[in-house]
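Presented sequentially are two complexes of subunit A, the first with subunit B as partner and the second with subunit C.
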Partner chain A sequence: MGLQINHRSVIKALFKDYLILVAIIALVFVTIIFEPKFLSSANLTNIMRQFGPLSMVSLGMTFVIIGGFIDLSVAGIMSLVAVITVSLIEPAGQFPALIAGLCIGAAAGYLNSAVILTCGALTSAEALFITFGMSTVYGALALIFSKGATQHMSWITSGTWVYDAIGQGSVGFLSVSFVVFLLCLFILYIFQQKTYLGRAVFLTGCNKTAAELSGVHVKRSIRLIYTISGIMTAAGSIMLFSRVTTASPVIGKNYETNAILAVVVGGTTLRGGEGSVLRTVLGVMLVTLLSNCMNMLGVSTFMQTVLKGAILIIAIWLDNRKES
Partner chain B sequence: MENIDSEAILKMKDVTKTFPGVKALEKVSIEVKRGQVLGLVGENGAGKSTLMKILSGVYTKDSGTVIFDGETIENITPVESLHRGLSIIYQEFNLVNSMTVGENIYLGRFKEMRGMRGTHAKARELLDSIGSRIDTWSLVSELSVSEMQMVEIAKALSFNSKLIIMDEPSSSLTADELKKLFDIVHQLKKRGIAIIYISHKLDEIFDLCDIVTIMRDGHVIDTKPVGELTRNDMIAKMVGRSIENEYPERPRCAVHCPSDTLLEVRSLNTKKLHDISFTLKKGEILGFIGLVGAGRTEIVRAVFGADKVKGHDIRINGKHIKIKNPRDAKAAGVAFVPEDRKLQGLALSFSVKHNISMAALDRLTKYGFLNTSAEKGIAEKHIKALGIKTPHMNTTAVNLSGGNQQKCIVGRWLEINPNILILDEPTRGIDVGAKYEIYLLMKKVVENGGSIILISSELPEVLNMSNRVLTICEGRITGEFDPEEADANSIMEKAIGLSGEGKI
Partner chain C sequence: MDTKTASPFGGRIIKLATRQKAFIAIIAMLVVMIFFDTKFYTVYNLLDLLKSASINEIFAFGVTLTIICGGCDLSIGGTMGLAGIVTVMLIDHMPIPFAIVCGLGLGAFIGFINGFFVVHQKTEPFIITLGMGMLLKGISQQLTDAHPISSKNPNFMMIGNGKAGVVPNLVIIMIIVMLIMYYILRYTQFGRNCYAIGGDYDVAVYSGINAVRIKWAAYVICGITAALGGILLSARLNSGSSNYGDTTALMVNCGVVVGGTSFAGGIGGIFQSAIGILVFSVLENCLNMLGIDAYIQQVFKGVVIVSIIWLDCFGRKRKREVV
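== the complex of A and B ==
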């Protein structure tokens, strides 16, 4: 499913996907044995809803990581988008607020890339710290804007049916957020596999110098991946506050780690130049199911964090082991 | 295991190594005696590197025996082999740039050396013994390539090596530095140290080695004393067919049939370049000669828009053209094959197909979407036309030999039908057969009306292939020659800057 289709990489890809599928199935199986309620329709709907925000952020993150960079600013962007969008619903209307939220995400993402390109910070480590810095800036802006207070959707008197639909609605047996996710996945997959810029992102991640010297738009790719990440993060943010019906100025906390976890566990390498949004879907499934199952089994959230960290390390280890 | 010739330090017998799908080595036997220099030659992919990696313990052999210093060697690790007295000096040095020379030589053994003072004293001794005057306290990052090589040799000696393998040791040395290297090799020989010298440069093999082992496709084709081989024999055995000449007949143009100016560069200035002006005629091969670091690469990179320039005036076909980045250059019909294949040329983890289509991607795009079937066509066309040896167009580029990788990059640029093809060290590290094919390609480009700028550290290559050469020294153009008339010495004088005209 990667960009190259030779035998070795197919086997490699299958092995990677197979391993994660085994992990997902084992997880579900164990949970069902100990807690049959896992299969209740209430819980399954719940999982589908939890899936939404993280899947959006992770799809965006996939592009950044394939491009050979990383984006730690998603936590800050999520918080900023959440507080501004919610506060705009009443004065500006539901749809304008939604559009504004997405635009803020895009602008914040673009700003990241602008800072990175201006600094000439073209290594993954530099991008890591720059986006970390930007995350604190966006997070602080969210706190300043909201004066540190959490806003409740129920305070809005002018109607919130759009957000109710995103957070609670369903189309048939699928939640609205899941349908949005499928749509985004389809568009991004086509974009990644079939378009010039999709290819340019891969080439940038593989070898920036060679790509630039062949006349591939490297800078444009870098701007693009961060902008996509920004928009997708904003979409994730809107899904999240719609579901929990409150917009706290720290709502995006931990999303950067979870998204990177999902992307890497899915099998997109942190070295860049290789991977796919489809793989990320598996990664998001694992991470979401992990939270859900652990919650059902009564594992403390602290322990869950330990487990996630361990999984990330194991995923990187496996990835590098297969390389050598 | 004392049944071996006491003189032989290394004896490999019937060593076979198979990788999935490829037989890398098939019953390879090699023998080196103490104090002997064995030249190991063969095209890229002939199995030389695999052989060396088996010796050092990076790979394990499937079958066969290796006897080193009287002992049979099985499942050795690289560190063990080093301690047994087998050192390999790779093309890419294993040095820590941020540490001093002395520390590098005794890396990890400071305790045995009783601290830094002992380390540096010992290092000094070693360097003196090979006649090197490098300060043991200077940082490796401050050294020249040849000095780094000396440090590597000293490091090998610090392990009391009985056999030193040098992999392409001369690839970035100047003539003087090469002579120094030869002196050292002769010294080591006298001390009874055996050397395996791997090189594509046949002159060096003839000058330096006692015996030569020729490999092809994982087999040893022949082992003979150097004196019993002629250059052409050797080439024929390496490539499996005879090549009449190392260079094709020089494309006759420019000088003999003066034609229009295609490219004109006026007062090009950067941090390193000073007032570079030159012209390139239609159908001409223009050679750049100069030392590594003289500014040859900087000139073409500036023309191609890869580096920032302080100000320049580039005209193509008389029209002023603004080149701010490689895309502008590409649009103007300029193509650039960079000097470092792996770092600047290839997307190594990508397929051959994707590597070939890289420069043509924007042409394959309609409404933002790539035409992937046309991409396949392009890859197919160039794989066939250039004779790129690859199992499939979807094979990853990293699996190809150097020559075939280079052809991928050349094919990438031929696809855009360039007027001006810039080749920076196009034959570095590739074998004789592939070299010849690259030369033929150059000829074809010129015959089809294109022009070429050729940069190479191999003087014979530039002199044999160019219609006109420019010498470059310390960021200035110091001379212009007709390679058919000028003698090599006067060209080199200008290139090294001996005549003083370079510095105004």
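== the complex of A and C ==
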């Protein structure tokens, strides 16, 4: 009997992820029927490259949402990291610029958590507006730093092979950005499942008071999730400007909503304490494949926005119905 | 630590400052402007300041209602764009009042759908209305092919640009909406029930309040005010565009919270929201008058948002620790 219950709960658990998987498979299937070019290697590489930036940002965002908070500063951090990293390539060299970019992301994320912790914001609503304000500041700093101008990678004379590799290179049939993504996913999955710190994030998201009373270092968890989000955002930003070979001071626009969309559609709840980076991967897959398939099928970008909104609403709605 | 070092007098000032931060911020800016030789203190500029604030104020009054009920509405950006576009499109085919009523009806319908998901189906308001805003923006783009469209009727433009005496129409409309909303929230059963629902949903239900209907109505009203603001913006600029309202939704929700309406629900008011939105308009006007670079203005804006909400949270934290 025990076996049967297990069996049933496994099916139930599968069904929860099943819906989004069905959506992804159906989408791909329909696209292949109408446009066989979808399977061409050029398009598949293209999908892998489009997948990179959003997946990185969303992976970082997952932990923030599991921890019961939210991070709207992603857009600002992306822009800031992009303009500073590109302008550092020539004077400092490629690797120092890369590391500097990641450090800026981490510092910005840490600063968010510091602001949130010093005022004792406990709910995601308070964090929402604080990070929105921080995003305005970071975005403005990016604009001031670049004087509002877009920087082109082709202007750099000292060689940009690292960034070319991130943006255009491939390892076997996988693009470099996809390999980096797999690596980050592996690390973050281990962090989430196997480490004390990762489990502390879940407890923080479930109930902060209970977590605090049972000896979980809640403040450390909050610092950690925002810093991870900052680093992953910086990585996403570097991937994005390497792919498009220009760094605009508004490059991160809309990434915050898209990342939240991917995380939530994947099945991580905004209430916190529940979710997984693997679910987020499904969410990002749906968002990326949606725009690729719709482009393949010739649906206008405007209708794509409508569909994205509709899918978000339906996904949340169905998720909510299942629980009640 | 701060409680120990602060004197009673200092404590009282901190208390006052933490209660009406937005108001104090406005006073501070007005005082600062006295020392600069600009045209800030002219009737023309002050009226213009109010005029530029009025549309955001109208959005904020509706949003305040949803936030007091314990929700929020991030779809207003999409609603305003779509309502403006639909009204501009309809004006060529029917008299202006009918077109405006259609636009407002559309806003009410969007609010109704938001209410269905958020209140009836009890989903997370933040993410549902975000998705709704995205969807509406897509519809607006589809309708206009992402180009701004303009109306040929000059009377429509006069609504947004005309003046009664010296006072711009927009300011008058804003004040009327403000008084109506103030009356609804303060002196009607509906308004008091809103506070009760936001304060504690379950308690409100057990006290016999039809919480679903009231909160749903709050969303419909919010949709109507968003549509009204969108129509007025279109009238002011004589065009409807899908690009209007890209950042409005977050900005207005933020302004309401800055004014002192608690995002947890049950606390706040129309006048507080009016002041919260006014902070940004006064700030923008002051910085423009002082000739400060647009990008640096953004930094100021962000710092003001963060610091006011920071103080708000900090005040609550102190209260928690005292208890």
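What we mean here is this: the second predicted complex is superposed on the first by the 311 of 324 C-alpha atoms of A that agree within 3 Å, B and C clash if a C-alpha of one lies under 4 Å from a C-alpha of the other, contacts with A are read in each partner's own complex, and residues count from 1 in each chain.
Here is the rule we go by: a residue touches a chain if its C-beta (ideal position, glycine included) is under 8 Å from a C-beta of that chain, and two chains touch if they have at least 3 such contacts.
All values derive from a computational prediction rather than experimental measurement.
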Taking the superposition as given, does A:168 touch the first partner, subunit B, the second, subunit C, both, or neither?
neither
More subunit A residues touched by subunit B or by subunit C?
C
Per the contact definition in the header, classify A:43: touching subunit B only (first), subunit C only (second), both, or neither.
neither
Which holds for A:210: it touches subunit B only (first), subunit C only (second), both, or neither?
first
If we count contacts the way the header does, which residues on subunit A are in touch with subunit C in the complex?
72, 115, 118-121, 123, 125-126, 128-130, 132-141, 143-144, 148, 257, 260-261, 264, 270-271, 300-310, 312-313, 316-317, 320-321, 324
Parts of subunit B lying in touch with subunit A, wherever the complex brings them together
304, 306, 325-327, 329-330, 336, 338, 343-351, 354, 358-359, 361-362, 364-365, 368-370, 372, 392, 394-396, 412
Any idea which subunit A residues touch subunit B in the complex?
3-6, 8-9, 194-200, 202-203, 206-207, 209-217, 273-274
State the interface residues of subunit C toward subunit A in the complex, per the touch definition above.
72, 117, 121-124, 126-128, 130-139, 141-142, 145-146, 250, 253-254, 257-258, 263-264, 293, 295-299, 301-306, 309-314, 316-317, 320
